[in-house]
Every structure is written in C-alpha cells, then in structure tokens.
Amino acid sequence: MMKNEGKKRIWSDYQKEIADDHFFYVRSCIRQSFFPGSEQFFLNLMRKVLGKDVYEDPAHTTCTGIGYHSDIVPAATIMTVVARHFALMKEAGYKNLAVSCVTSFGLYTEILETWKHFPAELEKTREYLFKATGREFDIPENVAHTSDIVYSFRDQIAAKAKIKLVNSITGEPLKIVEHIGCHYSKMFPKSGIGGAEFPHVLSGMIDAWGGEVIDYPERRHCCGFGFRQYLVQANRGYSLSNTVKKFNSMKPYKPDMILANCPGCTMFMDKWQYTAKELEGITFGEKGESIPVLTYEELAGLVLGMNPWDLGLQYHMVQSEPLLRKLGVEINASDKYKTKDGKQMPVPQNLINV
Amino acid sequence: MNKFGYSVAQPRVIDYESNDRSLSEYLNALEPSFRRCIECGGCSATCTAAAYTSFSLRELHVLIRRGESRKIQSALKKCMLCGKCTLVCPRGVNTRNVITLARNFKVSLNNAV
Amino acid sequence: MNTDVVVIGGGAAGMEAAGRIAQAGYSVSVLEKKSETGGNLVNWYQLFPDRKDSREVLGYLNNVVRNEKLKMLTSTSVKSVDRQKGVYRIKTSSGEIIDTEAIVVATGFDLFKSERKEEYGYGIYENVYSSADLEKMFRAAEVKLKNGTLPQKIGMVHCVGSRDEKSGNIYCSKLCCVTAVKQAIELREMLPASKVFCFYMDMRMGGAHYEELYLEAQEKHSVNFIRGKVSEVGEAHNGKLIVKVEDTLAGRPLRMELDMLVLMAGMEMSGGGKEISELLDLDTGDNRFFKSTDNHFGSNMSNSEGVFYAGTCIAPMSIPETISHARAAAVDVIQYLKSAK
C-alpha cells in the first residue's frame, strides 16, 4: 500500500512557479489533428471560464522538436527557431509562455538550461536570429506546460464542476492511469510539478476532480513513441512493444481511462491499442474493451459539463462511450459526426469501443 | 500474419519470477562451492573452449543462478573438461564438477520428458 | 568554567578521545547535544565483521569516559565560539561559558536520508526500509512486514546515497557493503525460509575480515548477489515490491518481486558538524566532511590552531577505525597542550 504522506513530501520539493495570467500560447504540431478539441478547449477554459488573457500569434511555427529528436534538425537551428518564438512573444508584449506540447516544453526547458550554462550559445543564437529575421528576443519570465496551468487552476475547475470522476452506477471513484510525457520532467525534475518519480501534475487533477489514481509497476515507463524509432516502419514494433509492456502492466488494475499530458503519448497510447488488437487480438480494458485515453483539457471539459463531441472525443481511435456511460454523461449518438452547422460527416470505420 | 510490417516483440528482461532455477538449486546442494563464485571471469579467461566459441563459464554461472535455462543446455557441450578453470578459480569453486553435474542434470531432465 | 579540552560530540569518537585525554591527566568536557551518549552506535544491533553486540562497545566506551577529570554534558550544544589569546571561549545552549585551550571536533556522521532517493519509494511503499530501520527490528527480534507476516524474499540495495552524483555524494561510504552482508546473514539466520538478494555496484570488502564474511554469506547462508544498481521500485498488483535492475553480469535487465527492500544508506557529514564548521571557520572538502590538513600524517589536524578532528566527521569510518582515529586525536591534543605550556 502506498502512503500519501511520502508523496506529499516529494511534491512539496517540486513546486514550480506558474504564472497566473497573460500567457503567450504556443500550440503543438499534432494535437490539432489527433485531439482537435483539446487546444480549443484550453483557450475557452482560460478565456471564458477563468477569465484569463491568452494570446496566440499566427506567425508561430513548429518548434522543430520532432525533426530535432529524429536527428534531422541541428541544435543551432532549433535554438534559433525557439528564439524566434521568444521574439514573437516579446513583440506581442508577453512574458509568460504557455506550451501545449511536452516535446516543445522539454526543448524550451533544455534550451534555456543550455543557455544558462553556455552563454556563448545564447549569444550565437541572438546573432543567428537577428541575421535571419532582424528580430530580437528576451528570455521568458515564466515557462509552463499547459498541464501545469490546468493543474494550477484545478481547484477552481473543481468548484465549477458539473460532474465528478465517479462511476455513477457504483458510486466508486473512477480508476485512472496518469501518464506523463518523458520530456515533461525526466530531463529536469525541477521543471515538473512533483518531479519525475511521482509527478503530481495529472494526479493532482484526478484527485481534485474526484477520481482515483492508479500506481502500476510500469507507470514510469516511456509510452514507446521515441521519435526516429517510430518514423521507420520496420522499427515500429519496437515502439509498439514498449506500449504493450505498459498496458500489460496496468491491465490488472482495470483502469477506466488514461489521462496523458503529452501529444505523442496520448496519440500512441490511443492508436497502438488499435494496432495491438489488430495484430495480436489483445485488448487491455474490461470485457474486451480498450481503455480511452484523454487529454487533460478533454477531461477538464467533461468535468465542466461540456458536450463530449464538442471536445472532440469522437476523433480518438479508442472511443470514449464506456467512460461516458460510467460518468453518466448524456450523449446523442446521432450528433457524433455532425459539423457545427448540423451537416452529417462521413463516419470513420473500424473504431474501437463503439 | 503480419499486416503492418512489424510486430510485438518479447521483452528481453530476465523475469526472475517465472524462471525455473531447479538446476541452480541442484548445484547448490551437490556442489556447494558453486555458491562461492564472484563472477571474476578467471575461468573464462583461460578456457580452452572460450578461445574459439562463445562459451563462458562465468556467464553460465549467472544464467544458471537466474534460471535462464534455455541458453545453458547447448553451451554445456562446449566444455572440454580440461580443468584449467578449476586451477585458476580464486574462490575454489570446483568448476569441473559443476559442469559434469550440470550435464547430468540436463540428461535427467531430458529423461523426465 | 575552565578546562583543558572541550570535545564536541559524545559518540564513539568523542568518548574515546575524551577518555584518553582524561587518562593523561587533563580536564575534559564533552558536549553532546542529545540526551544520551553513543551517537549512531546506539541505533545499531550487531557490528560487522564478528557480530559483536553494539552494547558491548558502548559498555567499553562508557567505561573509558568514567574519569573524574571528564565532564559529560549531555543535551548541550555549542552556541558560539570566540578565541582570544589562544583560549577558546565556548557558550553552550545551557548558557554555560567554557574556556578551553583545545577543541576536539567529533561531530560524527548523519545517515543518508533514504527518502531522498525518490525512485526507491522510502516512505511511500510499505516494506521499504533503511538499514537503520532493520537494525531496530533485529534488536526487537522481530522482522515482519507491515501486514504482520514474515518476509519470504528480501532485497538489499547497496550504495543508497553513496557513489551517486544525483545524491550529491560521489564518495563511497565504504561500510554499507559489509553492513548489507552482515544484515543479509542476520536475516537468513532469523528467517531461514527467506531468500536474500544483495544488489551491488561493486562489493567493497576492504576491511579486515570483510571478504571472509562475504564468502560466508554466499556459502553458508546462500545469499544471492546481483551486480547492478536498482533504478526503480514499484508496487505490483499483488502488493509485492517490484525492482528494476540490470543484471550487469548477464548483460540484461532483471525484474524481481520482493516482499521487503532494505536500503543501505550511506554516511554524510552531520548537520551538527556543518554548524561547527561555520562557528569555528573550519575547512570542509568537496564531500562536505571536515578537511584535514594532510591526508597522510595530519588527518586529525584542522586549519585552526588547537582544533582537532576525531572519527567520522572527516570521512566514513568503521567503529575500530573511529576508535583508533580518536586515540590518535588524543595523542595530538596532548602533544599540543604540552608544547603550549
């Protein structure tokens, strides 16, 4: 049995400062395709629910993290691209960076740390950026991943909650696996809430919203994505096998859902369940079902009573209906694939958990 | 059938819980000096078989201890029973007897099957 | 109050040094901030390599300090120190002022706090214990799991807080290996049905009779030794602890379920020692222990005149080493006092 006092002591050692307002928001490359409601709901949550100022700059680009981690983009290039984002932020008059992607967040953290230890690299980057674009930049005063920000407002969200993370049939708290992206805090434990061994960023949300966090032996294992490992088709079994290892480890705990904070993890933990089922006929949820994988924005949205189809849950590979039934969320199946004007869209095939 | 061009691999972890360590227990009982090994590799360094094959008595000792029996069976055949390993062992392990017993154990296993 | 020597710390080193100085006819006051003497020794049950009961050593030390020239001031710590004309004026926590010619620093060590190695889950997972916790269980003659049952499989993790940059300690505490071997034997004797596994990086059996104890653990007690640093501890669905380690001699990762895990906590500069180093402006090394003036022939000497070191305040030491080092400190102090007169 785990003792929470021990974890609380660790959490108190890893509390970072998170800005309260006025954020410069940088999106992820892939989340808008795979979890299209997440980033939109983050903006709605911040602006409409919490009344915060969040600025988005259309000139913001990829951080090139996928290329960097696949050995295609050199370090000097990514530093310059990141410097350009800082320049956009400076030009817009913002000092607090809100990062949607864990890979980007890890890179921002790593680059800022690099500049701290190697000031010559910072000066070189200033020069490259100025020569290439004529722009200048400041180091952000505050860098937070958007899961940090949602964590910091978790009690306010709980106060406005329409539902709790409780099985409405049994009255028991939902059993939730939390999965933290490796680059969130494994490189720099101090940059993550709760550190790297017992991160609190997602488990804090689950606690605050009424669920029960599952600790399973492979909790700290990477989702298996890697970067270059996935890009070559023949290597994908390596990536998949790591995911299967994680799922085999969590299966006995019968999780109702998985909560993740990294775009890659969310995507692979979602889509590899389909692959594992297709390839090996294996599933990891109860009754032959698969386990829905949600982003923290999606979960916050459900807690606040949002329509699941407005949050984009239908665009996951693993469908959330079993979870929604447990939560007692009323859903209208006929609205699932309608545009906002009510037009019927094509219905995807081979979805699981339908 | 492999429709995606890749598949799920088996982990290479030594799963201590599911492994069968009966050979290790057998050697512990019949040749107690087997327990004294400190994995120095003196035996393998001087081994006649190791000069031309991947045979390593040191590695074999670890594998037997952990119950990784699959690799052990074929490896045992390579030993020439010259006894140099026994001569050099700093802990006085009767390595020659370890090999002989392990080979016999293998036989009895096969007979049982 | 005037005294020839003040000894700061009433553990094994302080007691031995003070006793020897008093035996030579000098007046000594020992300041011990705890209510009892004996330091870390009181938390130990049996001592390696011969399994002597720590109480026998404490009995010896209590005898050494029984001297009319020696004042033992327990529950007393140093508040401030000034030096004027070769005399140190010490104010104690009880308000006493002591003038002394020489000081022996014998502030000992603190055991590494195992919860700092977060990945081992000390204080989080039930049945993860420190080596000191296990000594307490030995003393109580009761080694049990939290649910009251007897452990069947027990793991000992070497180098917890030692040889570990992540803990800020790159040095070897050098006694945890032999402690693990000793405790593994004690466990096997107390729980004959149990299996015991030591996870080590290197077996550092440098002291007299240590290697023999290691051999005895293997041969007589069937203790298993697995070379590899445990990197993660978790809890399995069946409630058992799961350790992840590489079996470096097999060259493959190893997964094992255990009922109980014991963390071999290393030795660190004591908190009390840190305070004294600031009050007396004493040099400390990269390992944070006090720094002697010379590693070969001046290990009892400090950078301040009239201040000497005894025992583990300069580096990890065993009990026999501590006692010898404290005796050597006494020799240096006596010589210093003689030459001053």
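Read from first to last, the chains carry the letters A, B and C; within each, the first residue is number 1.
The definition used in the following text is that contacts are C-beta pairs under 8 Å (C-beta built on N, C-alpha and C of every residue); 3 or more make two chains touch, one makes a residue touch a chain.
Every value quoted in this text rests on a predicted model; they were computed, and no experiment measured them.
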item: Chain contact topology (line, ring, star, complete or other); value: complete
item: Comparison of A-C and A-B by number of C-beta pairs in contact, larger one; value: A-C
item: Distance from the mean Cα position of chain C to that of chain B, given in whole angstrom; value: 40
item: Chain centre separation (chain A, chain C; CA means) in Å; value: 45
item: For chain A paired with chain B, centre-to-centre distance based on mean C-alpha positions, whole Å; value: 47
item: Partner chain C, residues of chain B touching it in the complex; value: 12-17, 28, 32-33, 35-39, 58-59, 62-63, 65-66, 68, 91
item: Touch list for chain A against partner chain C, complex; value: 1-3, 5-7, 9-10, 195-198, 215-220, 252-253
item: Residues of chain B touching chain A in the complex; value: 2-9, 11
item: Residue numbers on chain C that touch chain A, as the complex places them; value: 115, 118-119, 121-126, 146, 232, 234-237, 239, 242
item: Residues on chain C engaged by chain B in the complex (per definition of touch); value: 203, 215, 218-219, 222, 224-225, 227, 247, 249-250, 252-257
